[in-house]
Amino acid sequence: MSLLLDVLSWGLLSLGGVFVFIGGLGAVRMPDLYTRMHAASLTDTIGSILIIVGVMLQAGASLATLKLIMILIFLLLTSPTATNALASAALISGNLPKVATQYGKDPSQ
Amino acid sequence: MTVFFGVFLLTLLLIVAIAIVRADNLFVAVMLGGIFSLLMATIFFLLDAPDVALTEAAVGAGISTVLYLAALALTAEREKRHTVHQIKALVVVTTTALLVIFATFDNVQFGDPTAPVHVHVGPWYLENTQRYMDIPNVVTAILGSFRGYDTLGELFVVFTAGIGVLFLLGTRPKKDTEAAETLIPQQSETSEGLRNYLIPRLTGRLLVPIILLFGLYVQFHGEYSPGGGFQAGAIIAAGIILYALLEGETAALRVVPQWMLMALMAGGALLYGMVGVVGMLLGGQFLDYSVLADNPVTGQQLGILLIELGVGMTVSGVLLSIFHAFAARDKY
Amino acid sequence: MSAWAQHLPALQVGVPLLTTPIIVLLRPHGLSWAAATLTSCFTFFIAVMLTVAVLQGQQVQYSMGAWPAPHGIALSVDAFSAILLLIVTGASTVALLAARQIVNAEIEASRQPLFYTAWLLALAGFVGILVSADAFNIFVFMEISSLASYVLIAGGSDRRALPAVFKYLVMGTIGATFYLIGIGLIYLMTGTLNLADMEVRIREVSDQKPILVAAGFITIGLALKAAVFPLHLWLPNAYTYAPVPVTVFLAACSTKVSLYLLLRFDFFLFQPNLLNHNIQFSYFIMPLAILAILAASSLAMFERNLKRLLAYSSIAQVGYILLGASLVSLIGLTASVIHMFNHALAKAALFLCVACLATRCANLRIDSLRGVAKQMPWTMAAFLLAGLSLIGVPGTAGFISKWYLITAALDEGLLGVGLIVVVAAGSLMAVYYLWRVIEAAYFGKTNEGAEIVGEAPLGILVVCWLVVLSNYYFGLAPSLPTTLSSAAAQILLGQVP
Amino acid sequence: MYYVVVIATFATMGLALVRALLGPSVYDRVLAVNMFGTKTVLVLIVIAFLYGRPDFLDLAMAYALINFVGVLAVLVFFRTRAQREPTATKSKD
Amino acid sequence: MMSAIGIPIIGAVAILVVGKISSNARAAVVLLTAGALVWVVAGLLLNLQASQLEVVQIAEIVPGITIALRAEPLGLIFAALASVLWVINSVYSIGYVRANNESNQTRFFVFFSLAIAATMGVAFSANLFTLFLFYELLTLSTYPLVAHKGDESSVRGARVYLGVLLVTSIGFFLPAIIWTYALTGTGDFVTGGILQGHIDGPVVGLLLGLFVFGVGKAAVMPVHRWLPAAMVAPTPVSALLHAVAVVKAGVFAITKIVLYIFGGDFLGAEASIKWLPYVAAFTIIAASIVALHQQNLKRMLAYSTVAQLSYIVMAIGMINPLANIGAMLHIVTHAFGKITLFFAAGAIYTVSKKTELNQLRGIGRRMPWTMLAFSIGALSMIGVPPTAGFVSKWYILAGAIQTDHYAVIATLVVSTVLNALYYLPVIYLAWFGLERSGQENFGQGQAAPTIEHAEAPGLMLIALMATAALTLLLFFFHQPVVQLIERLAHGV
Amino acid sequence: MDWLGVYYYWAFAALLMIGFYAVIAKSNLIKKLIGLSMFQSAVFLLYITMGKIDDGTAPIYHEGISQQIFSNPLPQVLILTAIVVGISTVALGLGIIVRIQEEYGSIEEHEILGIDER
């Protein structure tokens, strides 16, 4: 039984790791602010879910698992909100997404 | 294995440090400062110092970034490229660094248990915490009781900083006073924070109680896991600052009015002092907690709990009043 | 009372420290000043009690929280710290007594409780350093006193105080951090923070290199905070633009406490263990001291602003104190300790006279003080008498330290003659720049614009004359400071085999 | 067992740092800081388990909160700054 | 002895209090204090035997260094001289101040009596430290007197006065004292000297040099500049300065140091101090030559004082009993002679506002009594028999012949001739010169018109005549003073 | 002589250098303050590296832990205090900078000196 758990958590953890790394790559290679934000925040959330669940399997039913759940909730609450606030702030201050201007359409209509 | 992580993180640290010095835009420098202290906290965590990591995170990343930003909002945003007497600085700096390397070069092994540091006083604390206080967190034991006098001094350093900022920023700036009259009637947009940002305000409303709860947890859980007065104070202050950011500074002042902050500041310091004096009155030395209760061990625990509470009160009071002093400056 | 006697060291720091939160909350105007002065007097009273205990030969030790010395924090008061305690608490009480009118004029009522709290915190910081026997604890109290002094200096209405105090903050923090690096390196090699314990364990340390570097760091750090000559750039502006009572308090003790630490660390810790200490000390500190005396005095001679003139003269006097110490002889050290005492007296008196002048005259440039003696005879008389004490005319306190300094220099043979020339040149320059002021005040023609100025308010004048007369009392009957300083010299030199 | 995750997260932290240094506009840097924060939380969780000290998770929890406060603070004060000097050139650095 | 210092201080305070009320009351108080002082000193002088040995200790500064007073003969002579002349000087200055209605007179008299108190302290000091304490007090109390007028020239003069005196005292005198304390452990004046055996070789010369040039008040050549500069002071002050207190304190200090610190026989054997008489001789000659060229009366008197002082230093430098007596005697005779000259100069200035020598042509007929006193004083300076100056020069000459010190004999002769050269023409012109009226008398553009003026005012005249009489009396009755000095010489 | 171990001390020295350079060379007051806090963080790093023992764990007892080697708790206590000292100095420094901005209108040291000369 524990072997199954170990293999499962190892799988989740490495998957989470991969997602996180992809997010990192996305943030660097993407051309424009908003695309980078898109890449980074999405992988952020999925990555944390995978890793934390993976670790929870390792910790089993203990105080640590409760703490892990709390952290997961925090992360799920805070990082998307932060990205949202960031996106709207950038938009208001006139930092237009590159792609929109390329096709000549004025995004404001 | 710690060493490899450490080396990687240290290189990252140095890169960030150089980036901070070279950054022209001060906002950028402050944000990189945030990253700097996050890295610093992780390194501390790697070097088996969770308490210090928590303090560095709460104080370094949280509060100091907020204070820097509040100050930047009032002063210049961009640094004028004017590095004066560069060579002289480089010479002085390299000599200091060489001096330090010369001192620590070959005779100090990283982490070897036989180094004099670990032989003399360190181990005594590890054994005697069990005997005298019977609490798991040795760092809090030393902080609270063995070197309680240091922490009293520390508390008063924070108290002085609070007094100082309130004293300096207490005056209404002369030239702006006339403008201030006109400003007050129509509620200025700035102090309303992110009023029209719906999502952050909602999550904020949800998060602030959790942060405060977590702060209190850290405050009273200091003896079992990394935590204590300073960290708790910082976290509680961060929570209320978050509320101020979201709901606007006046709303935050309504929740925690100025006189309450002053009471918190003075009360915490007084509480700590009185615990020491009571120890003296009951026949022990100054700051001797074993006389506080009939059984010395519970006395020590009670003492540590009280002084951690005092520290938490003062630190949160000071940090909040400093934040309000900066934030209120906008209105003038 | 004897039950409290053994708690004295803790009370000495506790009283000023724990009254600050109470004073912060005192809203009614004027009450905060009264409370602060009362606390300062009570601290002075405790300092006197401690000195009496020390003079009776008691070994005043106190371990905080009843933990044994190397593990807990210990406080110890000996002759050296006793004389400094008297200086610091005395200066603070005197400055506070004279501070009422000026602070009312300069700082609005709502901020005054904060000002007096910062004042008591500075006092508590200084006293904490003097009483503590734990290296890191000294760092903490050094920070309290420095932060509080930055707040005090920045309290004035003169806007130029702000950049001056920022420069002081940066240099002070760098000094404190150098001190921290020094302790860190020592802790690395010896594993303890208690001074007495550290001094014992330093001997067994095999590799002396880090100790040497630590000595270097600590000396530079403390020299920065004590405004020793090349590192003195923050002092003139900080003292000039600070409110006058703050200058009275800081001029009398802030540099002295750092010098106390410098001497204690150098003679107590490093001295017997470093290679040949006299070379390290005399080749390194003595030229700095001589440079300080000559350069700072000459700067003072050409200075127009009265307060900056006295600030430069303070830097020169720090040079005298270091000169005495760098002779590494019993009389030399006695000379340097007693000069700390006498200089504190003389400088406090001079700055109090400046305080009297400040209440009546607009700016304190020398040529705007022409002919002021006719309108303010008592103040200028006090300034004259205090000036004589600074120069070291016989019968004044200044003379005693000059006497010891020259006797100490005489034992050095040929080098001694050179030192005597320097000391003589220093005091003659002092004569020059003080006489420039007195001559302008007494014989200068009052320039037309000056309005009729009355005598200084009685309160400040009485305090000023009190300090001036104590200058002369300790000039004629200096038994107290001499016994204390020779005992201090023995303690410091006790370590040298 | 945890090495894969630790190495991956460290790498992402490195990349986030690159973005922070290069980032043309301030908002890029804010994004990088946010990414950095969450990655540190994850690293701490994993290292806590790597060291076998699960009771250090409070640290990670504190991080998550502090990071959020930090990012929001930047946005608020950056807007106050932009408001006070609308004439100031938009920071396109 | 304590009262000797106490009385002038109490007097100073009394004058301060009374001064505001009325000038007569102030004058009365001044005279009262002067009289009381003379009475006390006389008391000490009479029962010399009893008061000789007891040492009054006032305060112990540092273990081994005390403020102590002792009434030994040398100190007594100086104190007696100072107190007597102070009485006369007070009389004179009250008259002078009234005649010239000087500004803030109270301050003048207060510092006057403080200066006398300091002089008493110097006279009775029992050790080097007390001597230095009162020496500095004397400098500081006379500074306001010199700068009394408060105008630009007097302030500059006072600055030079203070500068030279403080430089020499802090620069040379203090190190010398501390060196003595370091060497011998005590600084007390012991007949026969304390340096015996502690120090020898050229170092003794160096120490003596430090002392001689340290005591700026003795006006030995390089450090004499303050004396002519102090001429800006009103005449009673210059009288006090140059005849009674300041210069005499300087020379008295050197005598005390040479006799009681080095000791006569110790120095006699020492080769390295032979330079002292030659330096003094050089000062005499140079000062006399400079005095020759002086136009201003008071500056001439100043340079003549510099010369006369070096007589005493030269006599002491010869280390022989006869010369010592001569030196002590010269202190007294020169005091009387010079004070008469200054009083006369003051009188002439008060009445006729004349200060330059060439204005004094034919003034004898207008002011016969003043000029008579002036002539007696001048003769005493030259050393002509009926005046006391002759007696002291005679003793110095005898001492020089005894030790066949040819350089000193030569200096004595040459200087007497020089004195004659610059004093006699003044007397001759005053008595026999024709009073030229009108402009050509003041060709050099001095605007002092020949105003009609009679004799000097009454009070000043009395003082003048008193000192002149004393100069003559001393010539005939110098025996008691000599006996007193001899007792000292044999180390009673 | 394990090179990696000494790297911590060299990182401390490098950080010290960077912080000190920023304090001296930069004329912007806020940049000086940031340099100052970096200078202090370097010292914290020194103290904590001192306290680490090879494969020792944090000095907090926990039923679950097996091995008994603990890192030295004392430097951690010292650094806890030093961090809060650092933040207090920064807070006061920022207060002074805000006041300087209001009085002088600039926070560049060379400009402030210029304004004072006039």
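For clarity, chains are labelled A, B, C, D, E and F in written order, and residue numbers in each chain start from 1.
The definition used in the following text is that a residue touches a chain if its C-beta (ideal position, glycine included) is under 8 Å from a C-beta of that chain, and two chains touch if they have at least 3 such contacts.
All of these numbers come straight from a predicted model, not from anything done at the bench.
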Please find the path from subunit A to subunit E through touching chains that uses the fewest steps, and give that number. 3
As a test of understanding: of all chains, whose mean C-alpha position lies farthest from that of subunit B? E
What is the chain whose Cα centre is as far as it gets from that of subunit C? A
Euclidean distance of C-alpha centroids - subunit D vs subunit E, Å: 90
Per the centroid of Cα atoms for each chain, what is the distance between subunit E and subunit F, given in Å? 71
Whole-Å separation of chain centres (CA-atom averages), subunit A against subunit D: 12
Just curious, how far off is subunit D from subunit B if you go by their C-alpha centres, in Å? 19
For subunit B, residues contacting two or more additional chains: 30, 50, 70, 72, 100, 104, 108, 115, 117-118, 121-122, 125, 147, 150, 153-154, 157, 160-161, 164, 168, 194, 200, 207, 210, 224-226
Any chance you could list the residues of subunit F touching two or more other chains? 20, 50, 57-58, 60, 62, 74-75, 78, 81, 85, 88-89, 92, 96-97, 99, 109
For subunit C, what residues touch not just one other chain but two or more? 136, 140, 143, 147, 150-151, 154, 181, 187-188, 193
For this structure, give each pair of chains that are touching. A-B, A-D, B-C, B-D, B-F, C-E, C-F, D-F
What part of subunit E is in contact with subunit C in the complex they form? 59-62, 65, 67, 129, 132-133, 136-137, 140, 147, 150, 155, 159, 162-163, 166-167, 170-171, 174-175, 178-179, 181-182
State the interface residues of subunit A toward subunit D in the complex, per the touch definition above. 6, 10, 13-14, 16-18, 20-21, 23-25, 27-28, 33, 36-37, 40-41, 44, 47-48, 51-52, 54-55, 58-59, 62-64, 67-68, 70-71, 74-75, 78-79, 81-83, 85-86, 89-90, 92-95
Quick check on the complex: what are the subunit C residues that touch subunit F? 136, 139-140, 143, 147, 150-151, 154, 159-160, 162-163, 165-166, 169-170, 173-174, 177, 180-181, 184, 187-188, 193
Residue numbers on subunit B that touch subunit C, as the complex places them: 99-100, 102-104, 107-108, 115-122, 124-125, 128, 145-150, 152-154, 156-157, 159-161, 163-164, 166-168, 170-171, 262-263, 265-267, 269-270, 273-274, 276-277, 279-280, 284-290
Hey, which residues of subunit A end up touching subunit B in the complex? 74, 77-78, 81-82, 84-85, 88
